[in-house]
Amino acid sequence: MQLLVIHQYLGTYLVFGAMLFGLGIYGLLARRTLIGMLIAAELLLAGVSINFMAFNRFLTPDPTVGQIFALFIMAVAAAEAAIGLSIVVAVYRRYRSVDSEDMVNLNG
Amino acid sequence: MSGYFTDLWGGAVSLLEGMWVTLKEFPKRPVTVGYPHEHLKMYRRFRGHVELIGGEDGSPNCIVCSMCERACPSNCISMTGEKPEGSKKKVLTSYILDFTTCSLCGSCVESCNFNALKFSNEYNLASTRREDFIIDLLERLAEQNKASGGGDD
Amino acid sequence: MELSLLNAFIAVFIAIAFVGANAAYLVWWERKGAGFFQRRPGPTENGPWGLLQPPLDGIKLMTKQLLIPGGVDKAIFMVAPVLAMFPALVSFVTIPFSSSIQAHTIEVGVLLIFAFAALGSMSLLVAGWSSRNKYAMISSIRAVSQTVAYEIPLLITTITVVLIAGSLELSEIAAAQMGGIWNWYIWPFQKSAGFNIFMPISFMIMFICSVAETNRAPFDLGEAESELVAGFHTEYSSMGFGLFFMGEYANIVIGACLITILFLGGWACPFGDLGFFPFTHHVGWFLLKLYLIIFVFVWIRWTFPRTTIYGLLNLSWQYMIPLSLFNLLLTAALIKVFA
Amino acid sequence: MNQMDLIELQPDETFVLNVGPQHPATHGVLRVKMTMDGEYIYDAETVLGYIHRMHEKMAENRTYAQYMPNMGRLDYLSAMAFNHGYALVVERACGIEVPERAEYIRVLTVELNRISSHLVWLGAFVLDLGGFTPLMYCFDDREYILDLLESITGSRLTYCYFRFGGLYNDIDEPFIEGTRRFVKRMYKELKMYAKLVTGNIILMKRLRGHGIIDQNMCQRYGATGPVARGSGINYDVRRNEPYSVYPELDFDIPVDDGCDSYARYLVRMEEMVQSLRIIEQILAKLPEGPINPAKKPKIIKPPPGDYYAAVETARGNFGIRLVSDGGKNAYRLKLRSPTYSNMHLFDEACRGMLIADALAFMGSLDLVIPEMDR
Amino acid sequence: MIETPSLFSADGLVGLIFLFMIVVTFCGGLLAATADRLVRALSGLVICFTGVAGIYYFLNSPFMAMMQILIYVGAVCVTISFAIMLASPEQKQRRGTGSVLAGPIGFAVGALIFAGMSGLALTTNWQQFDKINEGSVKQIGHELLTTYSMVFELISLVLLIAIIGAVVIARGGRNQ
Amino acid sequence: MSILEKTIQAFAELFPEEAAATVAVDGTAEEQTEKDSEAEGPVVARDYATRGFHLDIGVAPDQLVRAAEILFALDYFIESITGVDWPKEKQIEAVYDFCRYDFDLCRVVVRTRTPRDEPRLPTITGIYTGANWHERETHDFFGVVFDGHPNLIPLLLPEDADFHPLLKDFTA
């Protein structure tokens, strides 16, 4: 029953972080709507944050650093979500669609 | 800026005044009547559905003139009478009040010149069946006679 | 840490019982109180003083058919009520009912309550939206914007208290106010607060924001029945509705607990430490304060008309947020100067 | 501040919200089809007729006396005033004189009924705004009036108390005593309402500046009653077109030129005070005498022609146009009900409002749906 | 190697809870990345974030756990759901030309990155150091206002600009 | 000058040649009935005490809008619009009631007649917005078609109603 103690190994968290990151990448590439992409991006960030937090717990001498880094990631994610969604809304008003392929005019 | 704080202060005071009003009501006794357990006495003039008035001997005062039937705006009264052999007056044989259409306007009582109709004090008239509102007033009168007769004995 | 986490999960089950009983009898109390405020007796028919009303209501709700409107996203529709109840239960884990009765001591107890309150607002959103009902949709948007608007002053005010107490843990905040009624943070001129004169205003802000957070009258915009029929739970029946109902009352209890701990000294006895029966004594005081606050909640609900969404947001942005921010800065400065 | 200024409404982003026919704020079966942009109303269309009963056709099939009970069914909250209007037009057509005592009692009961109607409005209005408790207090006070009226008319809502030329029966001493006590109590209760409701900051913020109806709009739609008076129009049938014994009574017509929901609210609250004043005066100078005219035609048959009578009900100007062909039944009877016109302006006035304000505005119009639908 | 506790001991239960959390978080993430309807994807995101908060708790940082829920669930997810409500009331089911390859490519890239990263994570010999503090909330606050004060200020600026930008962009769309 | 006279004067514009025919009727009900039948003029002042209104104006359908304009300019508000069915004359009479928010009271009744088999009248919703519902109601009950009405669908009757209950030959 090694499974019951995996939460005490660094590797578990790193692999799990990578898993979320991979899901995020997949979502980002496979999604067609802007909002879906945004959701995928959030997943990506969560994966990164988990990595930071894991290193923070197991490796760093100063465990505040990782937490502060993750905190900053959260702040950036919040800013990103706000801006991204306002763009989504603006785009929707303009094109009546949130499908990324419908926004042909953005190509320049 | 002063408006800002007077607004705040005035608003708070108005809210507290309102809360004081409701708080004063809190310990008072309820004014409601616990209906199924308690009952109200109806006023003398209360207009329930109509009822026949019986004479001394218990027979209805009605002479079957059909004034009430004609006065009724919603045709909810139907009555029949017959003239027995050797009698001058018609005798009421049935008096059906269809309470489903009655609007309690009282036209029938007003049109009656022979003191044969009155309002009952019945206000408890809820039912789930339509037939309960087809009221045979003659039967009611007979029952009342029985009840009052039983009381006298 | 591992053991305490386990405790937390066990405590959730205890919390369910506590919340369930509280929610049920708060409903009874609300109806009874409403009756007394309105010159009528409230529930009387079931049991003495209508005391059997809540369990009977519960049975009725449970035996009713759970209707799922056509065309809804069933999974989300069903998850929403659970999501409404769950955060309230988790929040109970960290509430200290006395110096010794606290299911799980967590360093950031205050944050936990706010975090799960945020999760609760998500449930309203999901419920209103998955119902495919316009009223529910408007209601959920209202409820969320209201919660978001009032979370800010609520957090700021809480931070003020946290500053004074020097801890994010609820039991430590309560413990800092021990030693008599004059030590409670509701009063001005606390030494630990740097003799801040505005503490009662902080308390008022906290109180109003708690009412708004819990979507209660006069801020019950989410369930404004004269406007939006029944709001976000228009389409819910049976236990779906029951869970929302319970969750609402559980939130009220949590809001009242928070006020009690942050401003009224938690389990602290108003007459200082008398030294006898510390255990029951303390829980008793806590519950007394808690139910007093809840009584005021009920009282307010049955006195005032409802605000509108812009009135509510104006109140938040024009009054609550500036005042609470000002108070936070002032407190910080005063503490720096005096402490 | 009109909400329109805040935001430009987008016609292409609207959805339709169906308020009613069963909605808590419409107080009956009224349906308003609102086209919304978010919470803002882009357009509204009122749909009537859910309880239309064709009272006007009924008038053509019934004798004049038989039609009297119908009037109470029009507006169940101020049935007395509707009875009065109908009695008035028939009396005018037939030239029946009404004894003085009867006139006084008529006004007395009508004013009592007006207060009871306003109490229901007050309670329901505050209920629309989300305050439940005033409703209960209002119903408690109203119960007093209903008890009083029940003790003389025999019923609580649809009184049918007036007869052509007089009354159904005379009032008695307990009623007068009870009325005196009620007046005293009501003054106290009105003070309580002022504290609980009128002064409440939440209510003021919700009503002030919302639901603006200007005078031109009143004229175009024919709004009357408190709705018009809340827009600064000094129009009250009791004063402008005196009937019954109103000229002999001293009372004011409350007018407020705020044009908003709060102005209408204040007007109605003040009207209750004025009605109390009227009642006090009537109780002081109630003459003795018969309550029914000495000579009165046995069968009511107005001479051919057109007749019109208007009375001030709790909601405004109630007019009856009677076209007689000299028969026992009316040839044509047109009921002009006040809420019909008052509600009509809702469609136009609510554009650009938030739905919460629009429903408060609807409450301030004091709707009684049976009267609208007739 | 850490000794395996019995399944029914307290430690064993904690381990179970962790496994449960991992599974829930992964399912949430999967839902968020793959669900057809945005509503479901968002629900998945909420579940995933709540689970991540739990993982933070296991990583000795209840503070971050709470912040995760507060910010991601309370703010970001709510904002996203507002955007979904505003922008796409009904999701159109439509297949374009580019989307045929997007799925497989995305999957391949994602899997590749996952494989690479986890491989690195499991094979690297991580070097441990002794902790110089506990990383408590107090210490985080202290660090934020001393060592990282510049970054802290910059982040505040970023957030401010983001808010203003969001308002400007969203309103600009409305007035067209 | 009282508003009654002002109104009569204003209406002289509509009836240039008949202005002189304006008859004031006073007296008891019996007398009045006789005089009514004699009163042929388009503008008739009635006895308020017995009738309840002051001015009775009969106009042709095409004069209706102008009449409404005149009344609107004189600050009249609309009270109601209704119809009266006269099967014998094969006509439907439309009756418009106007009143003023003023102590100088004047109730004006404007009447116009339209053939019963094809009743058509112009709408006055352009002047009195409140005529909208009244005209729809009249359309419901009498089948009068108001030309130019913005939304002439049944108001009080069900939306699919094809009957006109206030016509004298209507039986349920």
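As written, the chains take the letters A, B, C, D, E and F, and residue 1 is the first residue of each chain.
The definition used in the following text is that a contact is a pair of C-beta atoms (placed from the backbone, for glycine too) under 8 Å apart; a residue touches a chain by one contact, two chains touch by 3 or more.
Keep in mind it's a predicted model, so treat the numbers as computed, not measured.
*Asks:* Shortest hop count from subunit A to subunit E along touching chains?
*Replies:* Each step joins two touching chains, and the minimum needed here is 1.
*Asks:* Identify the chain pair with more contacting C-beta pairs: D-F or C-D.
*Replies:* D-F
*Asks:* Nearest whole angstrom, what separates the Cα centre of subunit C from the Cα centre of subunit F?
*Replies:* 63
*Asks:* Distance between subunit B and subunit D based on Cα centroids, please, to the nearest Å.
*Replies:* Roughly 26 Å, centre to centre.
*Asks:* Between subunit B and subunit C, what is the gap in Å from one C-alpha centre to the other?
*Replies:* 50
*Asks:* Distance-wise, how many Å sit between the C-alpha centres of subunit C and subunit E, to the nearest whole number?
*Replies:* 28
*Asks:* For subunit E, which residues are shared contacts with two or more other chains?
*Replies:* 11, 14, 60, 63, 67-68, 75, 82, 174
*Asks:* Residues touching two or more other chains, restricted to subunit B: which are they?
*Replies:* 15, 18, 21-22, 25, 31
*Asks:* Where in subunit A do residues touch two or more of the other chains?
*Replies:* In subunit A, nothing touches at least two other chains.
*Asks:* Residues of subunit D touching subunit F in their complex?
*Replies:* Residues of subunit D touching subunit F: 48-49, 52, 54, 56-57, 60, 89, 92-95, 217-224, 228, 233-235, 239-241, 303-310, 317, 319, 321, 323, 331-332, 334, 336, 340-341, 344-345, 348, 373-374.
*Asks:* Considering only the defined contacts, which subunit B positions touch subunit C in the complex?
*Replies:* By the definition above, subunit B touches subunit C via 4, 8, 15, 18-19, 21-23, 25-28, 30-32, 34.
*Asks:* Using the touch definition up top, name the residues of subunit E that touch subunit C in the complex.
*Replies:* 10-11, 13-14, 17, 37, 39-40, 43, 46, 50, 53, 57, 60, 62-63, 65-70, 73-75, 77-78, 81-82, 85, 136-137
*Asks:* In their shared complex, at which residues does subunit F touch subunit D?
*Replies:* For this pair, the touching residues of subunit F are 28-30, 32-33, 36, 49-53, 56, 72, 75-80, 82, 84-85, 95, 97, 99, 101-103, 105, 107, 109, 127-130, 132-133, 141, 154-158, 165-166, 170.
*Asks:* If you look only at subunit D, which of its residues touch subunit C in the complex?
*Replies:* 15, 17, 23-25, 36, 39, 126-133, 136-137, 140, 196-197, 200, 202-203, 205-206, 354-357, 359
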